[in-house]
Amino acid sequence: MIRAPLRADASVLENEAMGAANRRLRLLVPGFEGFEPGQFAMLSPGAVGGALRFDPLLPRPMAIYRASSGSAGAEVEILYKVSGRGTALLAQARPGEQIRFVGPLGRPFPDLRSDRVALLVGGGTGVASLYELAVRGARLRAGAVRVLLGAKSARDLMGHADFSSLAVAVDVSTEDGSLGERGLVTEPLARWLADEPASDVYACGPTAMMRAAAALALRFGRRCFVSLENPMACGFGVCLGCAAPRRDGGFALVCRDGPVFDATIVDWERLA
Amino acid sequence: MSVDTSVDLGGLRLRNPVLTASGTFGYGAEFAPFLDLRRLGGIVSKSLTLEPRSGNLPHRIAEAHAGMLNAIGLENVGVDAFIREKIPALAAEVVIVASVFGREIDEYAQACERLSESPRVAGLEVNASCPHVRSGGIEFGQNPQLLASLVRAVRRASAKPLLVKLSPNVTSIAEMAKVCEAEGADAISLINTLQALDVDLETRRPKLRNGLGGLSGPAILPVALRMVWQASRAVSIPVCGIGGIMTAEDAVKFLVCGATAVQVGTASYLNPAAAGEIADGMVDWASRRGVSRLADLIGTLQPWS
Amino acid sequence: MSVDTSVDLGGLRLRNPVLTASGTFGYGAEFAPFLDLRRLGGIVSKSLTLEPRSGNLPHRIAEAHAGMLNAIGLENVGVDAFIREKIPALAAEVVIVASVFGREIDEYAQACERLSESPRVAGLEVNASCPHVRSGGIEFGQNPQLLASLVRAVRRASAKPLLVKLSPNVTSIAEMAKVCEAEGADAISLINTLQALDVDLETRRPKLRNGLGGLSGPAILPVALRMVWQASRAVSIPVCGIGGIMTAEDAVKFLVCGATAVQVGTASYLNPAAAGEIADGMVDWASRRGVSRLADLIGTLQPWS
Amino acid sequence: MIRAPLRADASVLENEAMGAANRRLRLLVPGFEGFEPGQFAMLSPGAVGGALRFDPLLPRPMAIYRASSGSAGAEVEILYKVSGRGTALLAQARPGEQIRFVGPLGRPFPDLRSDRVALLVGGGTGVASLYELAVRGARLRAGAVRVLLGAKSARDLMGHADFSSLAVAVDVSTEDGSLGERGLVTEPLARWLADEPASDVYACGPTAMMRAAAALALRFGRRCFVSLENPMACGFGVCLGCAAPRRDGGFALVCRDGPVFDATIVDWERLA
């Protein structure tokens, strides 16, 4: 069920460092009633702290990692990596501070099919978009999902402990070999596609990774869903800033028509 | 204290002076989860062309200090789909201003004519910041003769309240405002975005695929206030102020500098309820100060002794 | 890796491309506690007039989002005191560019002549953003004919490297740049501040006593980059880029967009050592990327395929 | 001795609320070697926290309240009132965070004269500019200074405890009468000028208060020094933004020629 988005002043419950530049933000979001796997929220780091200031100006799209409801409202969890100005400021938000939250936004991953194995491929912060999908897969049946996580090195890996505590198989690849297999996460993906004919791909991560995952899926004739990360200004379809070129010539809005797309409709050549 | 918020913007009777800016509010219905559109003075649609168009390749937007750059291209559903699909999604009480552009005067005029046929279209806003095909990219709003021809043509094409939205990338905004007035425009909207460029140093390419883009947001507010002040002193038709409005105080500043109404743009991205909060905030501001009509604030900038 | 930082700005041989912007660096000596001026490409003085002048009543400055407004007026010590008192306070290695303005062409020309007599004045920068007395407040830099007459007159008055500083408040910066080139200017500096206005809502007066003022700081950077790119493609004389430069990366962006050198303005208020840190930072930036000459960065903006 | 100013990255040692909107900021300023009464520093609130952001843009002038030297550098104390965006952000600076510091700046109050009583008149945050002067007066001799502090109400009063712990007489006026005498601080000033013929006035506070103090001093034929608070961009004489009109027609720069001025040279009519 796709819920209407809400705009709320969320309060920071926790904002903890997770190693390397990764952090976990826990928010109390009044009125929030749940989300579907792959949906995101817009968070305004610039507004944290009260004083009116507009640098940085735009809210940041962040995948909703996990949510649970409590008495005072729902708790929403975000995993993020400090990589630019926006996330550097987000890292400074202290418990009790308010942050503007708009969500849940976007179209989720499609439901997992009961007759297939879902290969969840996450790279970098893209991992965050896949966690709820893994949770649902674990509930569905044993072996419904297999999670492939990738990162530069063990320290950078996001959400590993959470995924591992689910009843799903988790493979890890790191570029430096500091954990799991050495190399790109697309390498085990290729093997699993070969080994598991009844499988679909659900990918989120850097564009290069998703492009590669999409190409692999195509080669093996499997369905592949990707969650794109275009720069966004609004997050709900009104600025037209997040357009991704479609194969058929037009554009799709990543925030409204995505972020999750069937990989075959994306024009990977013209995607920036 | 109760505050009379109504204003008359060149024949558009608005319940309050807060509209939304073209291209920042979609076609209105997108805001339904966040805001009752009937709380607004009105909404201005994304600029519409005669035929639907898709826009530029990504990247189309980039962040700047206290602002953002955009070069969306001409992406819009086209005049017909707007009338057929977008207008019916809006409650009858919502005042709809259709923004129009084209690459030739004729395109503008035809689009205006078609839009005027819809009884739901309360007024037209002609976006004169569109590059003119035959003049090698110069905008209609950058050349007085071109602008005059454009306004003349659209004025002939429609009897609805006609707003002309001016480009700020000119030497004299007063001159451009006078041209609009002389050609029969009912009001002037300003400013559109400042032409701008930013560079991605990793690739040494422009941040936007289009190269140049438009700067909007709080960064441009003082430029917009200046132009509203200059334009409103140059003409006697009303001015609709646009540029960097984030708060009710910002909006009041525009009225004080001579605007009859304002449009909220980029703010709606940060906060989808911004336009409504600004409308409410203006009432609070006025009532705390004993101002009984918002219209009484218009053009009240005091000189230094 | 060692990086060659020298550039030639219209005959001004600079040890690096970082100068300081007129009006933001006083007469140089004020920075002695914070910065060795010999680390800079050069300094540009506060704009000088033939006779000393006092400026506007307060308030002369106000803060804006990611920027500031100023209307200082013409306050300066005058050409003679500059030569007599200010220049001798600067070490011989400091490259001094004297900024000049006047309210009539003749005043400009005379000031340039006098300044040219000083062997310490390495070059002149003519501030064309000054309102022309006889033209009802329009700036020299806003009218091509006025600008041409001005540049012609100062060109005749001095054989020193001549920079003309352009107003950004124009429809076509390329046109203005071409005028300067045609009249013999050696380089173009841009941009000066964007004309702007802000209001103090408590008093409903302009925040600045002068009413209008100029917007500077990071808010204007993308507008400045755009204009530098447009001007540098329009002329073959070099361009000195100015506007919102706060970091070495900002300065590199200007070079990439076509500037041969840059001027650091408002940043020096926030951090009096900014210009030096930016000069050093450009070297770091280049050496990390294997760029052996900063001059190799000039005009290297890559097109999108 | 007027020292050359320095530019330093100061680290926040403490930033504590003092009641109402008043706060005390303690900074560790490497290289700082002392200041004279009435001097100030420029603090950049916008830069706190690291991420590059320029809203608000300008540094804020703040009187140096007190300084002491320790092993790691000097400790500098600032008293401030949260009144706008700049100070709201300053209030968020946490211990350990860096803040750009430029100072000491400006010309101090003249030395106290050994044959006169110095009447130190402080209103609002202006109180902060007078503390070091009171300290020096207390050292000079008993009865060398008399401090008159004014505020809206007792809660708003700044530095009262510190002044009271010095060996100087302190009179308090509050507009609501919640502490000391009810009324403006210029009322006791008028009485003291009448009672103490051998007195000078040293005033810092809102312009209206200083204008009134200057007028009183003039009426009684006493010297009066005021510390002006014009908006500033640079603080060291290069932007020409802080100009105050002089009686003789020209301008003085508040940051360079002041902030302390002989009240008779100021053109109070034309001062904004």
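Every chain is named by a letter (A, B, C and D) in the order it is written, and numbering of its residues begins at 1.
What we mean here is this: a contact is a pair of C-beta atoms (placed from the backbone, for glycine too) under 8 Å apart; a residue touches a chain by one contact, two chains touch by 3 or more.
Just so it is clear, the structure is predicted and the values come from calculations on it, not from any experiment.
Asker: Among all other chains, pick the one whose mean CA position is farthest from the mean CA position of subunit B.
Answerer: Here the answer is chain D, farthest from subunit B.
Asker: Name whichever of A-C and A-B has more C-beta pairs touching across its two chains.
Answerer: More contacting C-beta pairs are found at A-B.
Asker: Which whole number of Å gives the spacing of the CA centres of subunit A and subunit B?
Answerer: That gives a centre separation of 35 Å.
Asker: So what's the Cα centroid distance for subunit A and subunit D, whole Å?
Answerer: Computed from C-alpha means, the inter-chain centre distance equals 52 Å.
Asker: Can you give the whole-Å distance between the Cα centres of subunit B and subunit C?
Answerer: A distance of 33 Å separates the two centres.
Asker: For subunit A and subunit C, what's the span in angstrom between their mean Cα positions?
Answerer: 46
Asker: Going by the contact rule already set, what residues in subunit A reach two or more other chains?
Answerer: 52-56
Asker: When you check subunit C against every other chain, which residues touch at least two of them?
Answerer: 57, 64-67, 209, 218-219
Asker: Which of line, ring, star, complete or other matches the graph of chains that touch?
Answerer: Shape = complete; every chain linked to every other.
Asker: Which residues of subunit A touch subunit C once you look at their complex with the stated criterion?
Answerer: Touch list, subunit A to subunit C: 53-55.
Asker: Would you mind writing out the residues of subunit C in touch with subunit A in their complex?
Answerer: 65-66, 218
Asker: Please output the residues of subunit A touching subunit B within their complex, sorted ascending.
Answerer: Answer in residue numbers: 4-7, 44, 47, 52, 54-59, 100, 102, 230-245, 249-251, 270-272.
Asker: Subunit B touches which residues of subunit C in the complex?
Answerer: Contacts found on subunit C: 57, 64-67, 69, 142, 169-172, 194-199, 201, 203-206, 209, 211-213, 215, 218-223, 225-226, 229, 244, 249, 252-253, 256-257, 300-304.
Asker: Which residues, counting only subunit D, touch subunit A once they are in their complex?
Answerer: Residues 46, 49-56, 85, 88-89, 92.
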